[in-house]
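Data block below; observations after.
As written, the chain order gives the labels A, B and C, with residue 1 at the start of each chain.
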Amino acid sequence: MTDVRPAHPNALPARGARGPSGGLRPAHPNPLPARGEREPSVGETGHGRPLLDVRHLRIEFPTRRGVLTAVDDVTFAIAPGEVLGVVGESGAGKSLTGAAIIGLLEPPGHIAGGEILLDGARIDHLPHDEMRRVRGRRIGAIFQDPLASLDPLYSIGSQLIETIRTHLPMSEAAARTRAVELLQEVGIPAAARRIDHYPHQFSGGMRQRVVIALALAANPRLIIADEPTTALDVSIQAQIITLLRRLCREYGTAVMLITHDMGVIAETADRVAVMYAGRIVEIGPVADVIRAPKHPYTIGLMGSIPSVTADRERLVQIEGSMPRLTAIPSGCPFHPRCNRVFDRCLHERPELFDARTSRAACWLHAGES
Amino acid sequence: MSGPTLLQVSRVTKVFDVSPPWSARVLARQPRLLLHAVDDVSFAIRRGETLGLVGESGCGKSTVARLIVGLYRLSSGTITYDGLDVGALAKGRGPRSLRRKLQMIFQDPYASLNPRWRVADIVAEPIRAQRLLRGNRSIRARVDALLTQVGLAAADGQKYPHQFSGGQRQRISIARALASEPEFLVCDEPTSALDVSVQAQVLNLMRDLQRQLGLTYLFISHNLAVVHHVADRVGVMYLGRIVELAGKATLFTRPRHPYTRMLLDAIPDLAMTGKSRVPVAGEVPNPLSPPSGCTFHPRCPYANDRCRTEVPALKRAPGDEGAADDIVACHAVEESRLDVTPRVVRMAEET
Amino acid sequence: MSANRVAVALRQSWDSDLAYSFRHSPYAMAAAVVFLLCVGSSTFAPWVAPHNPFDLGQLDLSNSLKPPMWLQGGEPAFPLGTDDQGRDILSTILFGARISLAVGICSVLFSMVLGVGLGLLAGYVGGKTDAFIMRVADVQLSFPAILIALLIDGVARALLPRAHESLAFYVLVLSIGVSGWVQYARTVRGSTLVEKNKEYVQAARLFGIHPLAIMARHVLPNVLGPVLVIGTIHIATAIITEATLSFLGVGVPPTQPSLGTLIRIGNDFLFSGEWWVTLFPGIALVVMVLAINLLGDWLRDALNPRLRT
């Protein structure tokens, strides 16, 4: 896959205009170009015009000790049929980003800046009812715990049928036929019989497939999958991953796959975004990020993964731990742990610079673009 | 690297009674239900080595761990540590010194520390309980030393667990386990709840401690790559039984049991060699009604009639010149129906 | 040095999440003020009350059934009027609240100790002990609390016909206390079942710590949160139970009237037009119970980590 770079990757001058102290509040991005003409997308995708376009997303939590910025200036895009993997340590802001896109941020968390566009139309700040229609119809969601997405009191069939009929004009019988098809699609054997079973009658891997069937019920263009395989055993993980990949290929569904398992990303994603302390530190084609990571954090991350093929005495170790939201360091948030830190890192916040095929938010790559 | 046998687990079985309450059994005529969480498991660990134990969720790994440290009573079989009977520990007897020498590190760094205690008190608990040191001053000095040893600051002792990240909490757990100067550590998925970069810190720390203190580990994980990194020998469990036990090199290059192969094939391919994972049909069966014969037969591509009826025994594979303790429980291997060298090529490519 | 430490501790607790949520909850603050007023004024009733209604020397029958001071015939000396024996209503309320609160708090403490102890035991030991304790709890739960209290009171009366007057307070505490332990036991058992399987308890077992010590030092502190919440709300229930019992005439004797007794006595005058004899003790009871309930509700929310921001 080659990365087709738009002519003007950094369409928002506001980013460059920030003071050297790296004030945390960027000036509001310039008004967008008029719809209709094909504007260069901010977060480029490998496939031309993006389906999902997230620009300068900032998520804040007002707390008694001041405002916490949990996601800060996150920009990326996903094209139809593309799988974007999002990796990062616990607390990096992956789930919040996903939740913001499907409009399920839990108060007091809220979108404090930036915008989210689906098919060119803004979906952040949609009224509650409209967002509910977008969710399910145009964006499907899969979460880590399949039990949390299924109602134990209803058979999986009635849940599927209800979801289908909420979003698509279909008769009960037609919806039922479609439900059976969906279950077959996600690999549930004897679907016609099992459709009347209740969630507890399924094993963990099967439940997760039912959840995927639910997410697919209305043929959404985009699926947000937040750790869909984390609770599952390796052997079942492989089944779910294969399934997601296939759906993506056959229906052109775009997937944002959130996980902290690099292995899953390596197999599934086309591009990968690495998050750290609420920001994207590196984004690029998956092979490049994994084989030749650019950001020191990604380099450390890749080195710390044990492998079954290489015998290593010690794993690469990134000293320290990710900062708390209350104490995000100035400049590059990774600088206290970085082994290549220099003066500039302490005071100025790096934006995403082109680093050959990928982009990294690191001053080491400032000159390359 | 490894010396004489330290821990000997012989034909150990653990049965849980998971029957419905007595009233339901009488009124609704429900039968008694017995769950064989661990079924006739035997292995030995030599001093100074690390035995890895892998398997899918619910296969009985944690139960083995708890049996060894005496948190559960054995249903049958024996476990001896340095010749002493560990089974007595579970009954509240057994020599105190044994308690000291066998310690455990748990999976969940959030649940394994009492949230209302200061870290210094948490780490000092085994010292006080075993009366290893007297006087607050010497205990405090020891706690400070332990915290420093696991890479924390002595001043951290005054904080509460919620003020630490997952990896730091796991360090506190390790410090606490080290407090009674154990020789043998049972590590039940110590890094499964941690991020990879944090996992690397903890794994490195555990390896350093093993060097410095001459510790012996039983290291449980469901992550084959982690086990590959830490273990000298590896046991593979499936539905309460060990199906293959072999030296690391053998197990990862020439896995014999079809289940071991399946697990290895299911590892995500980080090196992106273009290989896609082989998705395996089926899931772990219900342990309450395990399949007859070889419990793996419903998922096994090599299963035949014998597999469906006869339980395979753990033995050396035919024509195996490897170490005497590379053993596998599979009829197909015994009957030489399996090819033995499928993975060498990939290894060579990588290294 | 130690004063300094106290100051630090004070600052820390002021800064804590609980104190913060308290400072930001007007209901809780108002309720706390009212509750403290109730506790304070009734504790110091002998000094605060304008009269001592139980000093027979101070009573004057010519003062009987005076209306509140703002009505015609009222006197400023008796702000809320007097009852049929010429006792000042305000003073009887203050003294009565003292008894009501004492019964409420003591009986709740009693059921708390009983319930927490049995709940811990049931949850930690499990098996037959658990089954036995919980069956007893089930059986007890199928009787209304009032019935149990009546039963105990009746038995006490039959056993100690003479000493009953002086022991009335203790009998009351016992009967209300015994009828309330089940809720604590169930809550604590539930949390104990959860805590005991947590790995820090397993670790403590590994160090060879005695089960009783584990229960006391590890499990107990971690299951106490919900107990405190129930306890607070229970004080209100206990006060009402006491009032009901006293209203039914099986509570404290009329010579030492609690709020409930006052309401019962006043009830007789309701139809002859002297409403104040029963209304003011009634209001006092409602206000006190409401304040305690509001405090309990706040505590429940404040201790619930899911609701914390």
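Just so we're on the same page, a contact is a pair of C-beta atoms (placed from the backbone, for glycine too) under 8 Å apart; a residue touches a chain by one contact, two chains touch by 3 or more.
As the structure is a computational prediction, the values presented were derived from the model and not from experiment.
Ranked by how far their CA centres sit from the centre of subunit B, the chains are topped by C.
Counting C-beta pairs in contact across B-C and across A-B gives the higher total for A-B.
Taking each chain's centre as the mean of its C-alpha atoms, subunit B lies 51 Å from subunit C. Centroids built from CA atoms put subunit B at 34 Å from subunit A.
Residues 56-57, 165-168, 195-201, 203-204, 207, 222-226, 228-229, 252, 262-264, 266-272, 276-280, 283-284, 346-347, 350-351 of subunit B are the ones that touch subunit A when the two sit in their complex.
Those residues of subunit B that touch subunit C in the shared complex are 66, 69-71, 96, 99, 102-104, 106-108, 111-116, 125-126, 129-130, 173, 176, 180. The residues of subunit C lying in touch with subunit B in their complex are 198-200, 202-209, 218, 221-222. Of all the residues in subunit A, the ones that touch subunit B in their complex are 89-90, 203-206, 233-239, 241-242, 260-264, 266-267, 286-287, 290-291, 300-301, 303-312, 314-319, 321-322.
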